Structure formats: structure tokens, C-alpha cells
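The structures come next, written out as C-alpha cells.
Two complexes come next, and they have one chain in common, chain A, joined by chain B in the first and chain C in the second.
Right after this comes the complex of A and B.
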């Protein structure tokens, strides 16, 4: 056989191997989290607050972390949407296609997207000290909002950039202003906004390094913005570092909850993309 | 009537411009904030001393970042060396060889990998990778290892950057026009020869930029690496030594940083190092990737 066909065969095997390796990692991660977490799971875990002696292996669950995460992620996502939707419209409708400002802005958001969450955490912490805030729900919300804004903008912008220019022109030619044209665009990129939201929620709920600094950790559910709040990733992290087996088990259960949430978001995102991209004007 | 509509349009534009500008300026504000916060540490230590001294004794006011810098570099190098070949081959397979049905199942799997939180990778690392190293791999090379090692950090980090690398590679490879491939195939080249000599060569700068981007992602990963790499402030001597990357340093010590003089400034300096390196890497690679996107579209 000629050398080039041998080479072809060899690399085909290598490539298949590489792909199977990647898949094996996915399966191994999901499988180990599911089996380990399932064994430790019970209704108490997700329905109860930590009781007395919780950290030496006694009664209780991590409802505090679930509620804390929901608060932080929910409010940050809303704030993030409020800030990033106007930005995306500004970049794509108000600015011209080859605008320098848009180019610089896109690079700026790419860079912000790349900045590690621990740096966001450290930066958030300095802001909080500056304003005299302690670790609190508010601090966590601020930092997570800053963290997900670039994710929102980047993924919505990706969709908005594909938007056909002719539709804008059609709208303008009917006498609509740019602001009124947004309504036309909004309908078209709505699925994009939905998937961007799911992506940001996934990132926000899984991020530990930034909330560690800013939201702190507590055994109770926060009742005001100035109280500290527990979060799921930190519940996993802190409990896993305990030497006691019961406490570690709870970390696995919390990891299972976190993984299931993220998987659900991923499935939902895929569903939305498939379901709604059919009706999109090309 | 008309004027109100135009006025609305203009006001909305103003607000949007303000939001865009202020969110862009976050990069600058972040840099300035971290710099101001880390400034006190420069008053007593020179930059060279901070970066190249390996004595880390916060109690005595000695802040040598070399062990952490070396830890970060090593973990990142291990991760990239393992992840790049695997992800490049996977990306080529998915774009040039695989049937659509394969893609239909592999893409969601990659999505899942990309979406999993850092802490989950950490749990997986402690469940599988650490015991694997301490129980099976390490005894073949060294006398004793806890498993919480630089290698464990590198492996976990490598898996974490896989989906990013694969998706960047796929994007680049699909941007190569089909005609180039057809020309090569029609001259009698095999698929792999075409891939090697035409497709990969066409986007080579982009591939490098993608790797740089993945490196900058790896540099900042905190929790997962922190959970498996042992965290000893010494310069690691082998793959089976513990190491202590910069993000782990910040995350582990934020609690006590207000109690010691200059400690806070030193940790903020650590965050500033990360910020600057990641900023530069990102800027360069993004500009390169934008250029490539332009040449092919």
C-alpha cells in the first residue's frame, strides 16, 4: 500500500481515538458525579437547612445553598439582561456595520469574557471595601452580574450579527425610527436571547471563585441584601474539604444537584435552538 | 408627533451608548482598581523581588511569588500539552471526516463538558484522578505521592479546556473555503494530506491564537485546580509534587488577608498579575482571530 494511504489510515485511527477520549471524559465525569451523588442523596438534603452539629456529620441539608444560589443567579440574570440587551441593540442597530466603536467594544467584551472569575471576585471585593460593604447577598449579585454581562453580550451579539440587513432597511423605509425597528429585531432574535440567558445562568450558578469573596457563606437563608448568602458550588467545595465522611457525602449530593441543574439548562438550550431556528428568516 | 418619536430614538440611543461605554470601561476600571489596591506592596518590595523571590512568609512581610508563578505555568503547560493534540484531532475528525449523525451526538456532549461548573471538575478530580495518581501512576515513578499533585491539576485543567479548544478549532477549520479542499483532492491528495497541507496551513495563525486563548482560560481556573493540586508554596520539582497556582493562592487566603499588613496588597497584586497576563493573551489572540474571520468571509 502506498505511504499516503497508510498515513490516512493511521491518522483516522488517531482521530477516532481522540474523539473517543473526549467522550470518555464526558461519560466519566457525569457517571462519577451521578453515582457518588445518588448514594448520598435524600429529601432532607434539598429540603432542610443545616442543623446543629451539621459540620460534624449531624442532621440537615443544604437548602441554604440552593436558595442562596437561586437568589443570586435570579437577580443577576435579570440585571444582566437589562444591561446587555440595550448594548447588543446599540452595537447592531445604532452603529454602522463597519463601525470602529463596535469593533473595539467587541474586543473589550471578549477580553472581559476571558478574565478569570477569581479576578472578578478580587475586584468585587475591593469595590465592596471601598463602599464599606461586608460579604453579602448584594456583593454576590454585583459580582455575578458583572461576570455574566460579557457572556450575555457576546452570545446575543453572535445572533444579532446574523440578522439580515435588508429587514432593517425595510423597516426604515416604512418610516420607523431605529428604536421602533428594535421591535422587529427583538422578535427575530428572541430565541438567541433565551439561549444566551440559559448559558449565563449556567455560568452564574456554577461559579465559585467570585462569590467566595463577595457573598460569603452562611447556614441560614438571607432575609436582606446585606446578609451573607451560601451558594451551591461553595457548599460542594467547603464540605468536600471536611475529613468527616457524612459531610463529604453532602458535598457529593450538592454536586449532583448542581450537575443536574446544569444538564437541564443544556438540554433546554438545545431544545430552544432547534425548535425556534426553523422559523427564523434567513 | 414626529419630533417625539425622533426624540425617543435619540434618548434611547444615548442611554444605550452610555451602557455600552460603561460596560466596556469595566476592563479599565478593573485594572486601575487592582493596581491601586496592590500599590502598597510596591512601597516595600521591588517588582523583581516580588516576581523572582521564592520566599513566601506573609507573617514576616516576605512576598515572593515565584513558587506560585511556577505552579501556574507548569499546571497550564501540562494541561495544554495534553489538550491540544486531542482537541485538534477531534476537531479535524468532526469537520473533515465525521458523518452528520456523529456530530449530532458529539456536539451536545461537548456542550455539556463546556457547561459543567469548575467545582464539578474538582470533585471528579478528587474522585478519580487523584486516587489514580496516588494508587497506580505515582508508585511506578516515585516512592510516595498523595495524588494531590501538579499532574492531577494539569489533567483536570486539560479536560476543562478541551471543549473550548475543540469549538475554536472547529470554527476555524469550517471557515476554510470548500474550493481549497476540492482543488487539493482533485490533484490526488488524500483527505489527510489535504487537511495537513491545505486546511491546517490556511488557519495556522488562528490555531495558535486559539491555543493562546485556551492558555489564558487555564491560567485563571481556580476551584478545580485548587481542589486537586496540593497547595504547597514551594517550587514544584516533579510532576508528582504538589503545586500552588496563583488563583488558588488568592482563593485560599482571602479570609485572613485583612489581618496582616500588606497581605491584602500582595494578594491583589497576584490578581493584578493574572489580570494583565490574561488581558494581553486575550487581546492578541482575539485580534488574530478577527483578522482570519475577515480574510475568509
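Right after this comes the complex of A and C.
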């Protein structure tokens, strides 16, 4: 009997330990970014474009990277949603529970999910060469969209599979077609869509490997889809590889901005999720 | 649906009467917009030689039935005897059951339900309001739940929708309880209220039949009594087919009773006769509680 309680205690300690360790990671990452980046942080950094000699420590900022990231991630997320919602809807509403096609499709999406982002980058690069495109905003958007679609599908599908069949029957018995039922489905899986969006944005905004060859890097803000665009992860990467300490600190400032954007999005995402889940049938 | 219009112009006695529109004319403001109503006095549902198989299992065997108009027909029988499957065949929800095969005929005013397809099914499902065992509000507000069906069938004018919603919430005896919170999520209602909401939602697409699949078995006694009373009122305008496990409930409200056992109709007829003078041995056994 006593052993049981001891066991319970031991595992409780282990679990608490694991939880605190992960928490410590988060805190230490934020701490190191803050201490190193805060000194280099200024309004100039986030409001100005890089001036001449920015990369050897002279004046300017990385507005180009912020805007480039926002462009790419924003448009890709929209495209991703537009493509993956129909996929999830079709998989779960149109196809039967034990459909072979659905099974194969899901495996295929799982494979896509596991492909590293550098492969997406290389793949995108090959296609761009084939079509004679240069590194551009468009290239970045396409590759990031490809990168996040599996995330969207996976996480929305997970929610949609739990979709109560009774709701479908209720909708059908009112004379709704399957397509009309999408209104009901979307409302029910809205929290899932919010979570999926959050995960995708987090992945998309932080990914350096896929945009390196496709979106390129530039010191100006792109004004058309065919111009190259800078991104925050690459801003961090390039500045961090500089031997000059000031420039390295600026990399941390860029990392700080990146982290803040992700943090802001997750808080926003949680808020939206809560708002949208009020109608959800438990 | 002339009877429907006639019912509207009659003086209203009871407060909870389904169609107590304040000025007596409300209904006319939205009804002509409906696409499907036909001026038929009678509607009838006839089942002929119906067989249903689900994955090689013979669920319904040679069913022959006639469901009378504007009466409450109770289907009773032990669990697993195919009662719910029968209801599902009536509104073609059987389509979403995997591996189901249906043969025979189910005739609604002469149109075969079993062989209908495409737009006919949509039309047909509208004619058959289904109320399930567990109330299943759609994930939206109370107002939108009722308006959903109307919107699908083409009513978009907000003013009209408001009238429709009020009308049918009154018909389901729910209006007074929810009129101040039409925009709150439907799932916050109590389970009894949810069931009445589902009833109102079904009525809002103007069915001829109400199919209730053990509609009161998940409810508390008071809520289920409310639903029963509603059914008794609604049978003036609708034909109600209900599956029930509680014999006492069938005894209270049924006009007709169908007794099913292992996929076959053993006995059917007016409630009074079936309950008092059952012809078949199995019916007698079931009624006396030998099996349930």
C-alpha cells in the first residue's frame, strides 16, 4: 500500500519537473533574445529600411523584412485556408467514413506534413527555374503556401473527424444539400480552423529555409509580386552570421520582433477561438 | 395545404395553440414565398413490400403499412427491431448509413421515396420533419437554428425571417422562454428546450409529416410531457409518426399503433383495438411485459 503512494509521489514530481523544464526553455529563450536584442532595439529598427552600410553597423532598420514576412505569411495563410477547407470538407462530408480515397489522401498529406522545409525550398526553386521566374514575392508565397497546407489539413481534419454525425443528419433532414451544410460544419469546426491557422502562421513566419531560394532577400519593400522580398528569419540569419557585434545584436532585435509577432498572434488566436467556439456542440 | 391556411384564419382559443399570430395575418406575409406547398387536402404515406438490408443483415422484412393523415402513429417494439431504420427510410437518411440496401416502395402521395433522387430527395426531406432521440441543435444561435431551413429554401428577407422564427417558436411553445435571448447559442438551452427548438426548426420548413425517433426518451418527465402535449396539438395539421419505447406514452397519445418485432410488422391498427384486443400472441406478450 505504501509503495503505491510512493509511486504516485515520484511520478508527480517527474511530471512537474518535465512541465517546468519546458517552461524554463521558453523563459530562457525569451530572456536571451531580450537581453541581447533589447539594446539594439529602437523605433528606427522597425520603422526604417536598411541604409547604406546597415550590415556593417551603420544606421537603418529592418522594416523590409517585417513587411516582406507579413506579405508572404498573410497571403499564404489566406491561400492555404482557401485550398485546405474544401479538402477537409470533401474528406469528411462527401467521402464515406471508410473510404479508400480518403485513406490514401490522408497518408499523402501526412507525407507532405513530414517533408522538411528546405526540400520545399529546393522544389520551389526547381519549378521557378523551369518557368523562368526569379526569386520573388510570388515564389515565396507559393512555397510557403505549399508548406502550410499540410498543417492546415492535418489539424482541421483532426477536428472535423470528431464532427457529430447527428448534426449532419439534422441539417440534411431540413432539406439541405451537402454543400449547404458547409455553413454548419464551418461553425462547428471554427475552433479547429483557428488553431490550424495559428500553427500554420507560426510555422510560416519562422521558416527560413524555404524562402531563402524562393523569395530571396532585398533591402527594399516589394511593390509587385515579381520583386524579391526580405523575410525576418533571413534577416536574423544574415545578421547573425556577421562578425560585427552590433550587427549580431540587431539579429536578436529582429528575432525579438519575430517572437513578438508570433506571441501576439497566439494570444489573438486564443481569443478568436474562444469567441468562435461558443456555438460549438459539445 | 389548404387546411393550413384555414387553420390560420380560425379564432384561436388556447394560448399555446400553434398559430396564434398576433394580428392573425402574420403567416400570410411569408407563406406565399414558399416554393413547395401544394394545395392537397390529404397526404398519405404508404409502404409496400419494403425490405432493408444493412451489410447482408435483413433489417426490415416485407413491410406493408399505411400511415394515416393527421393522426399520431406510434411504432412500438423491442430494441433492434428496425423502428429507427424504418423512419430513416421515410426521409432517406438511410442513404448515409453505410452498406444499406433498400427495395420495395414507400409512396408519399403517389411519389416513390425509395427510387427518388437528386432534387426530389431534398424536397422529400422537407416534407418529413425529423426529430431525433437526442436533441441536436445546430451550432448557431437560437434564431439562426430556426432560420437555417428557411434560408436554405430561399427566404432571406430579415423581416420575414423574424416572423417565421417567432411563428414556429410559438408553435413549439418556446417563444415565451427564449424571446429575450434569440441571439444566444442554442446549446445553452436546457435539453427539453433544445428538443422543442428542434421541433420548431423542423416545422419551419413546413413538413407534412413529423418523424419522431424516441423524441422524449432523453428528456425529463416534465419536458417529455410538454412534447407529448405539443404533438397532440400538432396532429391537427401534421401527420406524426413516432417511435417510442414507453408503452404508456403510446397509450396516452397514439391514434394508431404499429407493433414491430425483429424487422416485421406483427400488428397494426387503431390504438384502442391494438391495446385492448391484440390479435397476435406476440403483441399480447409484449404488452403484458414479457419482453421489452
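Note that in this section the second predicted complex is superposed on the first by the 250 of 282 C-alpha atoms of A that agree within 3 Å, B and C clash if a C-alpha of one lies under 4 Å from a C-alpha of the other, contacts with A are read in each partner's own complex, and residues count from 1 in each chain.
By definition in this document, a residue touches a chain if its C-beta (ideal position, glycine included) is under 8 Å from a C-beta of that chain, and two chains touch if they have at least 3 such contacts.
Fair warning: this is a prediction, and the values are worked out from it, not measured in the lab.
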- Touching A:123 in the superposition: chain B (first), chain C (second), both, neither? first
- Query: Given the touch rule stated above, what does A:169 touch, chain B (first), chain C (second), both, or neither?
  - Reply: second
- Message: For A:274, using the defined touch cut-off, is the partner it touches chain B, chain C, both, or neither? Pick first, second, both or neither.
- Response: neither
- Counting only touches as set out at the top, which of chain B and chain C does A:180 meet: first, second, both, neither? both
- Query: Does chain B (first) or chain C (second) touch A:188, or do both, or does neither?
  - Reply: second
- Give one of first, second, both or neither to describe whether A:98 is in contact with chain B, with chain C, with both, or with none. second
- Query: In the superposed arrangement, does A:206 touch chain B (first), chain C (second), both or neither?
  - Reply: first
- Partner contacting more residues of chain A (chain B vs chain C): B
- Intersection of chain A residues contacting chain B with those contacting chain C? 177, 180
- Task: Quick one: which bits of chain A touch chain B in the complex? Just the residue numbers, please.
- Result: 4-5, 7-8, 11-12, 14-19, 21-23, 25-26, 28-30, 32-33, 36, 83-84, 86-87, 89-91, 94, 101, 103-112, 114-119, 121-123, 125-127, 146, 149-150, 153, 177-180, 199, 202, 205-209, 212-213, 233, 236-237, 240, 251-252, 255, 258-259, 262-263, 265-266, 269-270
- Message: Help me check something: in the complex, which residues belonging to chain B touch chain A?
- Response: 5-6, 8-9, 12-13, 15-17, 19-20, 23-24, 26-27, 30, 33-34, 37, 85-87, 89-90, 92-94, 97-98, 106, 108-113, 115-124, 126-128, 159, 162, 166, 189-193, 213, 216-217, 219-223, 227, 247, 250-251, 254, 267-268, 271, 274-275, 278-279, 281-283, 286-287, 290
- Once bound in the complex, which stretches of chain A touch chain C? 96-98, 164-177, 180, 183-184, 187-188, 278-282
- Residues on chain C engaged by chain A in the complex (per definition of touch): 91, 93, 96, 98, 122-123, 125-126, 128-130, 132, 134, 136-141, 148-149, 152-153, 185-187, 198, 201-202, 205
